[in-house]
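Look at the two complexes coming up: subunit A is in both, with subunit B in one and subunit C in the other.
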Partner chain A sequence: MIVVFGVVLYPMGRTLVLSLVDATSALQTEFTFSGLSNYTALLSNSEFWATVWRTAVFTVFSTAVELVVGLLLAQFLNQRIRGQWFFRSLVVLAWALPTIVSANMWRWILHPEYGALNGLLMHLGLLDSYKDWIGGPTQALFVVALVDAWKTTPLVAILLLASMQTIGDDVYEAAAMDGAGAVRRFLSITIPMLKPAIAVVLVLRTIEAFKVFDIIYIMTRGGPDSGTTTIAFYTYLQAFSNQEFSLGSAAAYLTVLFIFVLSLVYLRMLRTDSGGTA
Partner chain B sequence: MHSISRRRLLSLPLVLGAAAVLPGCAVSGPSRGSGGSSGPVTLNALFMKQASYSEDDIRGMLAAFRKAHPDITVQPTFVAYEALHDKIVISAPAGTYDVVLIDCIWPAELASKNMLLDVTDRYQQAWLDDILPGTLGSVTYKDRKYGMPWIPGGKLFFYNTRMLKDAGVDESAMATWDGVLEAARTLKAKKVVEHPLVWSWAHAEAMICDYAQLLGAFGGRFLDDAGKAAFHQGGGLQALEWMKRTLDEGLSAPSSTKLLEDDVKKVVVQGDAAIALNWDYMYSESNDPKQSKIVGELKPAVSPKGPGGQGPAVDGSMGLSVTATSKHPDAAWQLVAFLCGKENQLQYVERSLPVWDSAYEDPKLTGGAQAPLVAADKAQYGSLIERPQVVQYNAVSQEIQAGLQSCLVGGTPAAQALSDAAAKVNHIIGG
Partner chain C sequence: MRPSRFYRPAMYLCGALLAVVVLGPFALLLLASVSPQAGLLGKPPDLWPDSPTLDRYAAIFTQAAGGVAGDFRVALVNSLVVAGCSVAVSLVTGVLGAYAFARLRFPGRRLVLFVFMLTYMMPPLALVVPMYMTGAALGLLDTRTSLVVVYCSFTTPFVLWLLSGYFRALPAELEEAARIDGCGRVGALIRVVLPVARPGLISAGLLAFLMAWDEFFYALIFTSSPASKTVPVALAEFTGRYSLDFGLMAAGGLLAAVPPVLIALIFQKHITRGLAAGAVK
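Presenting the complex of A and B:
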């Protein structure tokens, strides 16, 4: 309990208080109560809303890719094939890498001058000159979201696989005897029975993706043209680069609020799916 | 408005959470120890990883310091330049570091927020007479000194003499930015190199350095006499238009908007560009056969002149400071004075030139492999341009970066991109 208080509750409380004063230095000793002015300053700032929009795009795209690819991957890993353990280990590898390692790796793979991807595509004759994969702001946001999806899809796949393995073979056999093909069985049996697991994955990944920071810090530092400045990166810039600790704290609390609302929506979905008993 | 003390601020979350469970966790404010260095002392010092002195160089310097001061142990920490400022700020309340490396754009912010020790009274007159005047700005705020300059200099202009020769371009063209533009067109037309120019125009401070150099050459200013944004008109605007033109004509490497100085160095030493701005260290690395394909081809020079006849280099000096929260300020100051001292700096002239004027008469500098660099640096020190010396520098810089990238990457017209940035900068400065 003491640990939870020390690493969760106290920092949360302190951040809340900071968001209500005028802290502009790490060594400040006197503070003036400023009410909700930091919140209103953010909510009336178009730049802040641009970061919210970018974060939403990042979250939806990255989570959607993770869910679709993760589902297909889980289906593949659920097959009785030779060397199944090898494929499962291989899939987990990407997720097991620390984010700082995978982000740096992708930064170099995508590097406009020395990137391995450019080298490979040139070698295969698919490119005639090096391409800047994160050259434009929108392009960069989607590429970074794909890197996030690459990193996290294995987790999604493993979670869905665990749930998939609880579906009995007899259900599929009965459907097959009724003439249902593989696609029909997947759509009519697998997907509906995975709904609770999918809902859990959606909640977890949406929250995580909404808070994305490390991949952006390493790969793009918010650029180009602010195209990857998400709400977490914006919060970091305000709090630590600019020493606008109060503004940063308010941005952090608004992030919590957004995530809270999203979580409520998902919980509502969960409740509906389980007949109001969840 | 109610005034709240730090103590109350710290205690509020406790009340909000669970009262009195962690009273000892409050972060204390700046505390000053006795300052004495009697007895064994351990200092923590924060340096940067890249450019100028290497980690090995600094460890060598610290070993020499330990030999001279056996009672003082120094624990160095190395971070990327991009993380240096934030590390200083975040560690300040805990008083983690005794000595920190600071960039010339931070004294206003860090000193005004009482994060650095005022060492004005520790300066000797002989130092003030000998330290290159341009470098003192890296540790000065409101006429007070908050450290000692350690790494001098402006961003130099480099060009590949072999490539110019292959294209039939006379080196005299490198004297002006107009000449550089024409030379780049010739280099491209004659297919000597696909993109003759390469820049560090990533969404980072590096871009501000390049822009400052061009802004100064075109006769612009970041701020006017009243402290308001002035970069969106005159020379500041012309500089951005010039930058955009080089991208549109394919003269600048398109990847420039993604590169930092270290990337620029790699492009240049691989022979993939002919002309670039960079810090001194690119010169020695261009002559290292282990990593360079252009050994002996790169020439350092003063920054080209713009239409107004000015050719300033952006001031990129860095200094070492004692933190205000250091419990051993005297020992920390001894370390700073040692590292910044002429004798120490003369041991590492291949990595960074000294901040001492008299050191430039030393045979290591006048006759060594660094002689061309020394000559260019000495000539350039007389013409440096400062980035805005304001307390909110980082926020200001971020807005200018966003404005520049909005034009170079996003395609917003230069005038509009800079006007938008200027409005935001004025808002920040005006509070």
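Presenting the complex of A and C:
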């Protein structure tokens, strides 16, 4: 335990110190204390805010897709049909694929010149000229978010399914007797009963989406035109490409703050919600 | 409830859609890994090779280290070693820590557990610079040891978190009985608690393994030579350097996917239960 504390808490403190001083080298040992200037520099920088905005768009979009598709997928996986083990295995398979592999795979599939998607669509005659799927900055952000959703929706579905399985059949049967159709049962029984699980998924996915790095590193390196430079990638660029360790540390701490506040908000929402319906 | 006549066809349609969305990209990757390079770079690419080739896989397994394909194999071994060691260390510390949190009352218990969770949520970016400096000071940069230490910083809190919930759910009477029979605390933990908690240990260990196997960012920063690079870094670097050799990328990627996919499919029950428990508690 002491070891873990040493490995995690020391760097945490050290990063805090770094964010307050003026360091431009990883191996520098003497610093000038610069107070909050790294933070004010960031907060008054329009590029930083553009990054925050992109991160927010990425997070909201990918989390929304994951939640909606994940819910439907979990509902599907919860049906008693033959071959269900196969469909569940498919979902586990997609979840287990390492992130880097899936990012590489999609980078190739979506490649503007040699990609399989363009090739496939041409073969099928659905496309008459090659398209650059991640050519525009905004478009690229959404495509990257979709790739993230492809990779993570299975996890969301697995979590929601686990919680769905705890709902008893009798509730549904009673509702069906009262004349509630399938959609109605889904909306008025499943969703409300899943609220705690949904809240957990939202918190987890938001935090993860804020930290998204590998997919962007592989697929776009933050481009085109900084279109996919989200906050984690921005921090990485500052600290490791521009050697602005202090600025990077400050950005990292602002991320932590965002994550922390968001989790608190979610927890609050969850608590008032369950208080209201119980 | 009598399902309507459209129920089954509709459900299998959903299933087919799922299969296409999941297996489609996989199938493309598999085809790319056996397609000759010329076909892959055609316009449009030839996605159904007439003469499939296993050369890339052969190269990965037989080429000497130092070659592009050979380095993939080295990276696979590195990943196995790093993930394996991280799991071993974090299981031992995690079991002891989780047991302490579940059974012992000590001041600040909740606070410490909360701090653990916080460290687990920290973005790696907030930790990596000082870790790098420490690694440099200890001369550990570019070694597999440094990665094991760093990976334990997130696998251990995870194992601890999962297992402390698991231990708390076990009846305390079990151990009490063992202790009346003359076991010490550690004896009771090893002889009574651990055997009962085996499914939990398996889920925790496997999920920690998958986390370590998947980790990219730390590995990217900490390793620089092929002797210590893990699979994600090797793959990323490969796409950076030979960005058009999609075939070898596909072969390497598929091999990198084999261990986690096998683990997840074989231990599906443990994995899904562990995920659910880890998220909800």
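Heads up, the rule we're going with is that the second predicted complex is superposed on the first by the 273 of 278 C-alpha atoms of A that agree within 3 Å, B and C clash if a C-alpha of one lies under 4 Å from a C-alpha of the other, contacts with A are read in each partner's own complex, and residues count from 1 in each chain.
The rule is short, and it goes like this: a contact is a pair of C-beta atoms (placed from the backbone, for glycine too) under 8 Å apart; a residue touches a chain by one contact, two chains touch by 3 or more.
All of these numbers come straight from a predicted model, not from anything done at the bench.
Legend: residue contacts after superposition of the two complexes on their common chain; A:Thr255 is shown touching subunit C, with no touch to subunit B. Set against each other, subunit B and subunit C touch different numbers of residues in subunit A, with C touching more. Using the contact criterion defined above for the overlaid structures, shared-chain residue A:Phe240 touches subunit B and also reaches subunit C. By the touch criterion stated above, A:Leu120 is placed in contact with subunit C alone, subunit B being left untouched.
When the two complexes are overlaid on their common chain A, residue A:Lys211 makes contact with subunit C while staying clear of subunit B.
In the superposition on chain A, contact of A:Glu173 is made with subunit C only, not with subunit B.
By the touch criterion defined above, A:Asp128 lies against neither subunit B nor subunit C after alignment on the C-alpha atoms of chain A. On subunit A, the surface touched by subunit B in one complex and the surface touched by subunit C in the other have residues 9-12, 14, 18, 26-27, 111, 113-114, 130, 240 in common. Note for the complex: subunit B touches subunit A at residues 1-6, 9-10, 12-14, 16-18, 21-22, 25, 29-30, 82, 85-86, 89-90, 92-93, 109, 113-115, 202-204, 253-255, 257-259, 263, 266-267, 272, 324-325, 392, 394-395, 398, 401-402, 405-406, 408-410. The touching residues of subunit A, when paired with subunit B in their complex, are 2, 5-6, 9-14, 16-18, 21, 23-34, 111-114, 130, 132, 134-137, 220-227, 237, 240-244. For subunit A in complex with subunit C, the residues that touch the partner chain are 1, 3-4, 7-12, 14-15, 18, 26-27, 73, 76, 79, 81, 83, 86-102, 104-109, 111, 113-116, 118-120, 122-123, 130, 150, 155, 158-159, 161-163, 172-173, 176, 196-197, 200-201, 204, 207, 210-211, 213-214, 217-218, 232, 235-236, 239-240, 245, 248-249, 251-253, 255-256, 259, 263. Residues 1, 8, 11-12, 14-15, 18-19, 21-23, 25-26, 28-29, 32, 40-41, 43-45, 47, 93, 96-97, 100, 115-116, 119, 121-134, 136, 149-150, 152-153, 156-157, 210, 213-214, 216-217, 220-221, 231-232, 235-236, 239, 244, 246, 249-250, 253-254, 256-257, 260-261, 263-265, 268, 271-273, 275-276, 279-280 of subunit C are the ones that touch subunit A when the two sit in their complex.
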